[in-house]
Each structure stands twice: as structure tokens, then as C-alpha cells.
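These are the structures, in C-alpha cells.
The two complexes that follow have subunit A in common; it is paired with subunit B in the first and with subunit C in the second.
So, the complex of A and B:
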């Protein structure tokens, strides 16, 4: 119980949020990848978070990245008959990544990251004050 | 006062869990009612108290599209408020210990 498990909870969230930012970076970097290794355009990756017990008692609830799902939105089709990847009608499939969505999601992830950092700071200063009782 | 600190620490844990799960689909905010929990600890005496032994209040209001009702700012504010109360209780506890110490040393 107590302040040490708070740091564990916040730590799990910091990890999960930074994995989320990694996925966003991957999506943004591949916003124009029209030829991914598994064929077709790059498909946007989305994180799925799940509560996870933290600490020895297990009643503290942290969070983890449980799964990465692929956005099933159909790819954009752009008319570019000169591209070697164009089909018979001259359409090229482009990733369904919308950079604006990704940027907004990134800001939200950064905000959550900061919130968890301040939880760590709060717990830390309370724990230090508790230690001061020994003086 | 030790009981109050215990409840504050358990509540801090729940609030930290809420902040951590602010983006988890289907997760709803958890909290404990301080007064009830304190009363329960006082009634039970000095038994082992984990966060689980407190009744947690789950609100099911304002569910968003991902069935998560957590407002991260609200939870952070609650967590600061809880921490402030924790430190205030700690200060009172420390002061009373100090008085006890000086009373026993002067006699």
C-alpha cells in the first residue's frame, strides 16, 4: 500500500504513453509509405490500453499497452497513372494516416505523460515529508 | 491521525490509477469517500489495511465514446488536494509527536 505503489502506477502509465507516442511517430513517418513489406499501403497502428494490477497486493491499478490494432479504414485512392504502383484505372492506394489526427493524438499523449509525471512528483514530495518525521 | 494518513495514502493510490488509466477504454474513475473509509479504519482498529478493504466508489457518469469517464485535470486536482491533506495531517502528527517528546524530556 501507499506511496511506493503510486510511483509504480504512474511508471506503468509513463511507459504506456511513450509506447503510444512511438506508434504515433511510426504512423506519421509512414504517412506516405505506399508500398509496405506486407503489400499495399502502410496501415495506421493504434494502441489499446488495458488496466493492469501493480504491486504485491494487486489492488493498485496501472495501465499497459495490451495490443496494437491496425486501423481498417480503406486506403485513400489517388489518381496517378505514372506511378508503377498504379492499378489499371491509374489509381494508387495511399495510407489512411491523417497527420492532423496523429498530431492531436500526440498532444494528448504528451499531456497524459505530463499528468503522470506530476503524480510521481506529488507522491515523491509526500513521501519525503513522511521521512522528515524521523528527524 | 495514523488512520487518516492510511486512508489518504490509499486514496492517493486510487487517484494515481485514475490518472494512469485516463486513456483506457472502458475504465471508470475510482475513488473512496474519505469520511466513511476513516470511520471504517477507526472501527476496525489497527488491522492491516490495504486499498482493497476500502469501499471504492465508481462513478458512471459522462461516459465518452470510449466508455471512459475520466477527466484527467479533475483527477490531478483531486490528487493534489489529497496530497495536501496528507501533508497537513502529517504536520499535525509530527507536531503532536514533538510536543509529546518535549513533555517527556522536561520531566
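So, the complex of A and C:
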């Protein structure tokens, strides 16, 4: 335990949150992708986090991206008979990505990243202030 | 990534006095300095790794932060030990 494990834990969280932002970027970028390689519209990706031991001793618990799940919300159906992808009733399936949700999620991820950076900063300045006792 | 900040206690510093006359075996403080030097080297490697795209930004920055703190701890201990020595040398007999 100590400064080393605090930094290790915060580092794992920073990694996990940036992976989360990567997924959000992916969702936002593909908000209009109606034809994904595996057929049908793009489906929203969601991160699943899991506690994981970090460091050599294993008593420090960090976090990792355990899995990426696909949002099973059915796609939006938009009436657009001129589209070559429209079915016989003129409906086109569009991704269920809601940019507003993604933006809120992104703010949450950014705040969490910031919070973990503050943890590092606090731990470090506490250690350095302790050192000031020697002066 | 595992960089351990060396734990520096009184017992690490004690061998300085007891071994100062007995050959070149590394004493406690020397070991600590070597460990910190390794930590600094590792941080440098991480920075190079980041430039090459092999290491993440957070890994590189945090390694350098850790190494910097470890170095400052060592310097503080060294300054303390040196000032104690100087104080004794300046004693009026």
C-alpha cells in the first residue's frame, strides 16, 4: 500500500475511462451508420467495468474494462422509400444511438477521469508535504 | 507496470555508519539510490515508449511522476543526513 498503490489504482481508472470515451467516440461516429459489416444498422457499444487487483501485492483493487456489450435496443425505423436500403414498406433501420445520451455519458467519463487525476495529485502532494517535515 | 517506491526507514540508513570502513559492499542508502535510479530509468523508457506509441499516456506520465517523487524523497533524506554530518563536524571541541 502507499503512494505506489494509489497511483496504480488511479492509473487503472484513467485507462478504463479513456477506453469508455473511445467507445463513446465510436457510438457518436456511427450514429448514422445504417449499414454495418455484420448486416443491419450499427449497434451502440456499452462498456462493462470490473474490479481488478493491481500491483504486486494484490491488495489494491483497481478497475478494468471487462467487456463491451451491444445495446439490444431495436433500431429506429424511419420512413424513406427513396433509400436503396429501405424494406418493402419503405422503412429504413437507423442506429439506436442517441447523441444526447452519448454526450451525457461522455461528461460523466470526463469527470471521472478528472477525479482520478485529482487522486494522483492529492496523493503526490501529501507525500511531498510530508517530506517538507525534514526541512 | 510495477514500479515500487523504495521504503526508506532508519534501518536502511543505519548501515552507513557500520559499513563505512568495511569495503565496497553496497549499504542501505546506496541500495535505495540504485532503486530510485532504476525507477528514473524506467520512467525514461516509458517516455520513449510513449513517443513510439507502445505505452499509454497515463502510464508514461504516472511513471515519471512516481520517479520524481521517489527522487525527491531520496534527496530529502540525503540532505538531512548530510546536514547532520556537517553539524557534528562543526562542533567546537
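Following the convention adopted for this analysis, the second predicted complex is superposed on the first by the 129 of 135 C-alpha atoms of A that agree within 3 Å, B and C clash if a C-alpha of one lies under 4 Å from a C-alpha of the other, contacts with A are read in each partner's own complex, and residues count from 1 in each chain.
Please note the rule applied: a residue touches a chain if its C-beta (ideal position, glycine included) is under 8 Å from a C-beta of that chain, and two chains touch if they have at least 3 such contacts.
The structure presented is a predicted model; accordingly, all values stated were derived computationally and were not measured.
Aligning the two structures on subunit A places subunit B and subunit C next to each other without any clash. In the superposed model, A:122 lies in contact with subunit B only, and not with subunit C. Between subunit B and subunit C, it is B that contacts the larger number of residues in subunit A. Touch criterion not met for A:81: it reaches neither subunit B nor subunit C.
Of the two partner chains placed by superposition, only subunit B is touched by A:61; subunit C is not. Of the two partner chains placed by superposition, A:99 touches none, neither subunit B nor subunit C.
Look at A:3: by the touch rule set out above, it reaches both subunit B and subunit C.
In the superposed three-chain arrangement, the CA centre of subunit A forms the vertex of an angle with the CA centres of subunit B and subunit C, and that angle is 40 degrees when rounded to a multiple of 10. By the touch criterion defined above, A:131 lies against subunit C but remains apart from subunit B after alignment on the C-alpha atoms of chain A.
Within the superposed three-chain model, A:108 lies in touch with subunit B and out of touch with subunit C [touch as defined at top].
Of the two partner chains placed by the overlay, only subunit C lies in contact with A:18; subunit B stays clear of it. Contact with subunit B, but none with subunit C, is seen for A:50 once the two complexes are overlaid on the shared chain. Nowhere in the superposition do the C-alpha atoms of subunit B and subunit C come closer than 7 Å. Residues 2-3, 10 of subunit A contact both subunit B in one complex and subunit C in the other.
Across the interface of their complex, subunit A is touched by residues 1-5, 7, 56, 58-59, 62, 65-66, 69, 72-73, 76-77, 79-80 of subunit C. Those residues of subunit A that touch subunit B in the shared complex are 1-3, 5-6, 9-10, 12-13, 16-17, 20, 48-51, 57, 59-63, 108-109, 111-112, 115-116, 118-119, 122-123, 125-126, 129-130, 132-133.
Across the complex, subunit A is touched by residues 6, 9-10, 12-17, 19-25, 27, 30, 49-52, 72, 75-76, 79-80, 83, 86-87, 90-91, 93-94, 97 of subunit B.
Note for the complex: subunit A touches subunit C at residues 2-4, 7-8, 10-11, 14-15, 18, 55-56, 120, 124, 127-128, 131, 134-135.
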